[in-house]
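Okay, so here's the structure we're looking at.
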Amino acid sequence: MAAAEPKPPAGAAAAAARRLARGCWSAFWDYETPKVIVVKNRQLGVVYRVVQLLILLYFVWYVFIVQKSYQDRETGPESSVITKVKGITSSEHKVWDVEEYVKPPEGGSAFSIITRIEVTPSQAQGTCPESVRVTNATCDSDEDCVAGQLDMLGNGVRTGRCVPYYHGAFKTCEVSGWCPVEDGASVSQFLGKMAPNFTILIKNSIHYPKFRFSKGNIENRKDNYLKQCTFDEVSHLYCPIFRLGFIVEQAGENFTELALKGGVIGVIINWDCDLDLSASNCNPKYSFRRLDPKHVPASSGYNFRFAKYYKINGSTTRTLIKAYGIRIDVIVHGQAGKFSLIPTIINVATALTSIGVGSFLCDWILLTFMNKNKVYSHKKFDKQDSTLTDPRGLAQL
Amino acid sequence: MAAAEPKPPAGAAAAAARRLARGCWSAFWDYETPKVIVVKNRQLGVVYRVVQLLILLYFVWYVFIVQKSYQDRETGPESSVITKVKGITSSEHKVWDVEEYVKPPEGGSAFSIITRIEVTPSQAQGTCPESVRVTNATCDSDEDCVAGQLDMLGNGVRTGRCVPYYHGAFKTCEVSGWCPVEDGASVSQFLGKMAPNFTILIKNSIHYPKFRFSKGNIENRKDNYLKQCTFDEVSHLYCPIFRLGFIVEQAGENFTELALKGGVIGVIINWDCDLDLSASNCNPKYSFRRLDPKHVPASSGYNFRFAKYYKINGSTTRTLIKAYGIRIDVIVHGQAGKFSLIPTIINVATALTSIGVGSFLCDWILLTFMNKNKVYSHKKFDKQDSTLTDPRGLAQL
Amino acid sequence: MAAAEPKPPAGAAAAAARRLARGCWSAFWDYETPKVIVVKNRQLGVVYRVVQLLILLYFVWYVFIVQKSYQDRETGPESSVITKVKGITSSEHKVWDVEEYVKPPEGGSAFSIITRIEVTPSQAQGTCPESVRVTNATCDSDEDCVAGQLDMLGNGVRTGRCVPYYHGAFKTCEVSGWCPVEDGASVSQFLGKMAPNFTILIKNSIHYPKFRFSKGNIENRKDNYLKQCTFDEVSHLYCPIFRLGFIVEQAGENFTELALKGGVIGVIINWDCDLDLSASNCNPKYSFRRLDPKHVPASSGYNFRFAKYYKINGSTTRTLIKAYGIRIDVIVHGQAGKFSLIPTIINVATALTSIGVGSFLCDWILLTFMNKNKVYSHKKFDKQDSTLTDPRGLAQL
């Protein structure tokens, strides 16, 4: 206050500072509230309240009730899947059990059920005609075949000879490798006859670490329930035993076609949990979907090759098996939500701010459309022209 | 302004529009600030400031310090896991090494350590009595057995004959398939005697793509440290070599029981990183948990079947092995946070809005409980009745 | 109003309550708007508008355009990966095909391409000298070997005898187990000569469940395109066929070194999708990274052991193979964003609140630095001293 006065005595300055500090301290405890103009206009009031109501409704209904924005969320629970396939099937001369048609055998979340095989028995390292499917494999004479050449998509190193093919009247280049080659000697066998009746048990348990919540998808019962039941969404939700035929059907696929060409089916388990409710409201939801690109012509289907190795009289032979099958990928996802202060407060604060937005609209109506807007404007706005000289203002500083 | 006047000359209208535009432009640069009433009431001021302080404290302490809401977050890092088991064990007549008891051998994030096996040696395709465990397998005469019938949970196609069982005095239907069936000829072997001393090396490295941050769980030392150390949370955090017995114990399980029946143990590695601090503050946290549902009676434990195929004199035989084991699932999760403007601003704006909430409370106290509320009300609210005719307002439009 | 008067007749009280309710109801429909002081000061107005503009720019440009904060987000899509390796390679005396060098064969998202092997042929259960690498395995006489001792990192149970080693002039303790032990009899073979030319087809399809959006990484063409093409980021993005050499090179590794010691390469597919645009704007982005800790001396590289079991004259022998290889981990991640009301409103509300922050600054300038601040202060703040007795206020309650 007195700081601008020329050369005050030190004591006076200190006293002034003290007085200023006391004033500030006192002012700190004053309560300030904006001055408000009340406009007694029913139309404007109705508009104002209706806008406020709409915003409020939106927040209460959509943001809080539908979207549960008051919850903290966690996605991607820790998950463990154990699977077990049961069933037997028969081809022409043989009975196949689980050990033979499920690969890999460990019962993880991804496994293949082999439905058709092309067997090339008794392959051994040696020389034989190259497959006709390999580019430039057909030949007329030895000159067409370059010795030592190795085609990346072929079956071996060329020996430089041109030899008659396995069947038919033409010739192909001879290769050194696993002989005979697959295309020349393989025999097809269909295992899928009984496959729709195979049962798959999918044990899944999930854990949301943030909320310390765990749950499994399997009924905890002492009786023989799990030996007899089959999955049903309504009556047997906690009996995760699925017929393979059911899975394929739910995925909208034709079983025979799938069994012949192979494919990947996803069993998607979704744990969408509102942990503000009791644990019994947190249930798995199963869905089934074909995962591989079915309509891509060049590489549709699913197959892989494996072999069984034998040693006969000291030399190694193998049975090469090209297996077409249905791969089952168990995919677990989910999200859990639980009440938490931070998202609640952020959303409440947003709601309050948004309700205030109603005022903008009404101020604009008030000042633009109302008959007496000049009057209101005059009342609302207290004009203070800084170009007018104000003796008191100047005197102060 | 002049637009409502009847037929103004074009020049006058243009001049009016110009004047209006100039007025708007000038008004645009006016500064507007709400008019405020200062209430010199110490009680109300204290309430106001205390409410503000509480809200501020909540935001500063809980939202910013505890919850670190000023950070952008990323969950679910890219992760790579390489595992390697070491150790040997012995059963009655045989020594087992890693190659035999770890399946699959590739050292991925999920693998099984076989602790007990039931071996059915020398199975071949042929005919033999069905297992007694299969429904309706027991019979008195051939009439009880339907030829060609195939039980999904059985071991083969029935031949129609009723034959004496492997042991005991009863008979079961004969089946065609892999013979002899498991229940009739299997021998149990326990491999788990030394299993608690097996060591498992778990190499894990993670990468948060959003923050371009990578880290591994293994000490980078030149000496023989990793050949000798064992994991210890305090002194050897970066030596990820775990005794199997330690893992099972930490998961709260009994080793012998688990080794007999099998089970799944999760090794959960949690990378919770505050990337505003230095990289050395971002450390893995290990926890161990039984993942399969232990108390579900019908399907407890963990086992799977695999076989070794042999060719003897041209005919195929196999050794079927039902393996019980401890499956280890290494699950990696985590979240990283780093300062980011957007969440900071959202939370600061929320804080400011929330501090304003204190005014609602104090306005309500001011207008309801204070002795002089009519006066304050009179001062705060400037009533403007729209039903009063205002000649100036009418004149304007 | 009249409630404080002594003993009003019941009728009067009811009438007063009615009047009060009617008053409240009428007041509810009043529109309230804060009274505003307009300061006609060009400097202050410019500061005010510039601050507002900066805040607005930040929100419009950074928050909405760069960060797309108006979008709801989903990370971690459901993903399915099918892989297929093609190519052949040759070592000294043998041609290797895919079946032999890819483990596991099922074509999942993680697989190893074996580039070097150490073969220990014809192992059988028996007795032989322990490896010299095992601690305390070397001996001078039988007294140095304790019968029945089993070293966890050794190869068998000690028999108590001290026998000459496979080669060299020293002796080691005899063990009972799979004999001969690996270190004594293994032969190394390098398969990696042609390995850089192996091709890997990676079929990947993803699904964002929240937005019901699916896409694959493979061109849907009827012709032979996929049989001929190789991946190229610019011209062949939808031809996911990668040369192994290309992958290793992109990961910044030396192929020969990697092939000898083994390692893990991550093929990371990132699907970053703005679903407000058309589906053709959502494309996979491939990156390649070495995942295992390369510089950790004690355990660098990647290898695993598997065996082939044979039965010769009734006794089991095996060929143990220590395989070094390149493990490919296909890691799929991504995030999708789509316009959603809730984040939009939260961010708009934050923007409005933040724009209001400009007023704080200008109020402070107004009241502190302006010449006439006392005048403005006087105009803005309407002081109301609660210590002054106000007869009207007292009279009311």
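For reference, chains read A, B and C in written order, and residue numbers begin at 1 within each chain.
Methods note: a contact is a pair of C-beta atoms (placed from the backbone, for glycine too) under 8 Å apart; a residue touches a chain by one contact, two chains touch by 3 or more.
Bear in mind that the values here come from a model prediction, so they are computed numbers and not experimental data.
Visitor: Regarding the chain A and chain B pair, does the interface count as same (over half of residue numbers shared) or different (under half shared)?
Guide: different
Visitor: Given a C-alpha superposition of chain B onto chain C, how large is the rotation in degrees, taken in steps of 5?
Guide: To map chain B onto chain C, rotate by about 120 degrees.
Visitor: So how far apart, in whole Å, are chain A and chain B when each is placed at the average of its C-alpha atoms?
Guide: Comparing mean C-alpha positions, chain B is 12 Å from chain A.
Visitor: Going by the contact rule already set, what residues in chain A reach two or more other chains?
Guide: Within chain A, residues 32, 34-41, 44, 75-76, 104, 310, 346, 349-350, 353, 379, 381-382 contact more than one other chain.
Visitor: Report the residues of chain B in contact with chain A in the complex, numbered from low to high.
Guide: For chain B paired with chain A, touching residues are 32, 34-42, 44-46, 48-49, 62-63, 67, 69, 75-76, 103-104, 110, 112, 125, 150-157, 175-178, 264, 266, 268, 270, 289, 291-293, 295-299, 302, 304-307, 309-311, 320, 327, 329, 331, 333, 346-347, 349-350, 353-354, 356-357, 359, 362-363, 366, 379-387, 390, 392-394, 396-397.
Visitor: Spell out the residues on chain B that touch chain C in their complex, using ranges where they run on.
Guide: 28-41, 44, 75-76, 78, 80, 82, 84, 86-88, 90, 93-95, 97-100, 104-108, 194, 197-199, 201, 203, 205, 207, 209, 216, 218-222, 224-227, 308, 310, 312, 317, 341-342, 345-346, 349-350, 352-353, 370-376, 379, 381-382
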